[in-house]
Amino acid sequence: MTPTRRSALLGLASSLAMLAALPAAAQEFITVASTTSTENSGLFGHILPIFEAETGIEVRVVSQGTGQALETGRRGDADVVFVHARAQEEAFVAEGYGVQRFDVMYNDFVIVGPSDDPAGVRATDSAAGAMAAIAGAGASFASRGDDSGTHVAEQGLWAAAGIAPAGDWYLSTGSGMGATLNTAAQVPAYALTDRGTWLSFANRGPLEIVSEGDPVLFNPYGIILVNPERHPHVKADLGQAFIDWITSPEGQAAIASFEVGGEQLFFPSAQ
Amino acid sequence: MEGPFATAFGLLLAADPVLMQIIGLSLRVTLTAVLIACLIGLPLGAALALARFPGRGPVIIVFNALMGLPPVVAGLIVYLMLSRTGPLGDLGLLFTPEAMILAQVVLILPIVVSLTRSVVEDIWAEYREQLQSLGAGRLRAVPTLLWDGRVSLLTGVLAGFGRASAEVGAVLVVGGNIAGHTRTMTTAITLETNRGNLGLAVALGIILLTLTLTLNAAAWGAGQWARGRLG
Amino acid sequence: MGAGAVGMTHVRAFVPSILPLRLEGVGYAVGVKPLLSDVSLTVEPGRRLVVLGANGAGKSLLLRLCHGSIAPTSGRFFWADGSPRPEAQAMVFQRPVLLRRTVAANIDYPLALRGLSRSDRRAMVARTLDRFGLGAMAERPARLLSGGEQQRLALARAWAMRPEVLFLDEPTSALDPSATRIIEEMIESFSAEGITIVLTTHNLGQARRLAEDVAFLHRGRLIEQGPAAAFFAGPKTTEARAFLAGDLIW
């Protein structure tokens, strides 16, 4: 055998060894389908190590838009869904895909826009009024356009303002919150964002908060165990353990202690 | 904010365990996918070059066209296969590194097959009568042609590696970008971009590019060495 | 085993001989266009047969048909052992393809195809390298040898296959005079070992030096054959006379 062939075979063998060395599931785990906004804020990085240390259960979070996260649950590809679009969550349970919805926490949405505020949004006193001002001025607005919880909330605001948004000024990015904020910072454009993503978002450019505090901007998060009757492989016990923990005083305290830049992002709301 | 190059250098210098885990996973997934794609694609491409059968033309065209398959589509196909409600759902492979490997195999197999067919066809035209004269049948010719085409084939394998290491669409859909489990260089870059951490995203990009450069340089060096040694 | 020990022992001793090879009415046509028609010829064992003719006369085609590279469209081949394509024959093409490997690996390749054991192959490769003075370049890439060295390797590779008959298509057409002389000496030494040689050439000097028998092709037909001395002294056909005369003028 020539040295070349031998080294080629060695390479092959070591590659196969590498394949064999792929990490095996060393411990029990559950898969949680959640939203990009929660993941991007860094909340999971803060609370999951506490839960894992306590229970030995690894939580694998797949962060998607709310629509996609619910679809993941519907297909049985996650054990737990943890999202923020109340009407869709209730439909998810009503259709039999989820067992029960529990309140976990809330944050709120804010409207951000260029600091020079060309549409005069700062002068309005409600979220619907802010949307009407943006549409009235034809100022650019960057929308998620991805059927996410934030997108659904935005559509509710347009409906409240009696406006069907369309035109050159209305930019549907069809992407996540971060990508949409990156777009808004470049144009610059107004955008609706959850406060958590906004506070941890680094590339703000000229954007700042121009409207906040309206009660309709309240953004509740719910957690649901995927129905094991529909998907028998769902790890109901482990999933329920996570739900029990996150809604317990201890889990709630963990959420309350998560801060970005000295500001609390999420407010516990479990009953 | 410090420059992305300084950030990248700092990250590497600190050998941050999270970063090292991400780099390790990226390399494992992509190299394994390349290896599997080669194990299937090299013989398949060579067979396609040598075999004559009805429908060969359309098969070649399909493989050529699949080289342009958008990664997201490859990811979606694998996702639908591996989802609990899909045909392979019972394997429970969705959101695992194995699922990402499978998606990348789907992505790069057409590249390996098409380039192998093209390379082997050229060598076959030159070698055919000689190999027959020396006593090699078509089947026995396959390993001979693959070995003698190794320098050109390496380019195809590198193209496959490049596509796999650079893509994010497929691994994001089937892997889920789970921290510590299925987060790769490219999905981490996407995540940091979405968090507005553009500097960190670019730094990760620089690290990924450095890895790709290193591997390509090693492969090129090996190719040059083989050319000098073995013609 | 040293160079001196080769001699007659190289040719397979106990296998029934595949020669003579008899061709009966062999022809080859592409579509309706005949490239070779009605060739009847006998390749006798132990002889050096030179196939002569102008460019396009069908010399190379005839060799490839004999070797079995391509099948005739008419007529038949009869090998003495009755097989359709015996193993104990080899061919060196006008442009032999050397594999992109070392010199030694090129000699080893057909031996591996024939299922020789590793130790038999190693012994045969060593013996071949030694026999043709290629030992110093055993580990060099075959493709990087000079033209003359490549041709020597191609002949050595064919020799290692232990042929009873060796078909050589224009073996020196691309070589300078000194390399040509080395190749001709190799051919003569093969002949001395008992290997039957069938060779095409457009070089009449080479034909006169090497031929024991001559077959003269003209436009795809075999129009004259017989002992070389008689052919060169007094060609019977006008075409052969013109061919030989062309050589004198040129």
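Lettered A, B and C in written order, each chain numbered from 1.
We take it that contacts are C-beta pairs under 8 Å (C-beta built on N, C-alpha and C of every residue); 3 or more make two chains touch, one makes a residue touch a chain.
Model, not experiment: these values are computed from the prediction.
**Student:** Could you name the chain whose CA centroid falls nearest to the centroid of all protein CA atoms?
**Tutor:** If one averages C-alpha positions chain by chain, the most central is B.
**Student:** Which chain's mean C-alpha position is the greatest distance from chain A's?
**Tutor:** Result for the farthest chain: C.
**Student:** If I count C-beta pairs in contact for every pair of chains, which pair wins?
**Tutor:** Most contacting pair of chains: A-B.
**Student:** Let me have the rounded angstrom distance from the C-alpha centre of chain B over to the C-alpha centre of chain C, please.
**Tutor:** Measuring from centre to centre gives 47 Å for this pair.
**Student:** Can you check how far apart chain A and chain C are, centre to centre, with Cα atoms defining each centre and the answer in Å?
**Tutor:** Using C-alpha averages as centres, the distance is 78 Å.
**Student:** Find the geometric centre of each of chain A and chain B from their Cα atoms only, then give the gap between the two centres in Å, rounded to an integer.
**Tutor:** Taking the mean C-alpha position of each chain, the two centres sit 31 Å apart.
**Student:** Quick check: what residues of chain A touch more than one other chain, meaning two or more?
**Tutor:** Residues: none.
**Student:** List, in ascending order, every residue of chain B touching at least 2 other chains.
**Tutor:** 229-230
**Student:** Of all residues in chain C, which are in touch with two or more distinct other chains?
**Tutor:** 101-102
**Student:** Spell out the part of chain C that touches chain B in their complex, as residue ranges.
**Tutor:** Listed in rising order, the residues are 64, 67, 69, 87, 90-91, 93, 96-102, 109-110, 113-114, 141-144, 157, 161.
**Student:** Under the touch definition given earlier, write down the residues of chain B that touch chain C in their complex.
**Tutor:** Checking each residue of chain B against chain C gives 126-127, 129-136, 140, 144, 147-148, 150, 228-231.
**Student:** What part of chain A is in contact with chain B in the complex they form?
**Tutor:** That would be residues 4, 12, 15-16, 18-19, 21-23, 31, 36, 39-40, 44-45, 60-64, 75-77, 176-179, 181-182, 197, 200-204, 231, 233 of chain A.
**Student:** Under the touch definition given earlier, write down the residues of chain B that touch chain A in their complex.
**Tutor:** Contact set of chain B toward chain A: 28, 31-32, 35-36, 83-86, 89-90, 92, 94-95, 97-98, 176-179, 181-182, 191, 193-199, 226, 229-230.
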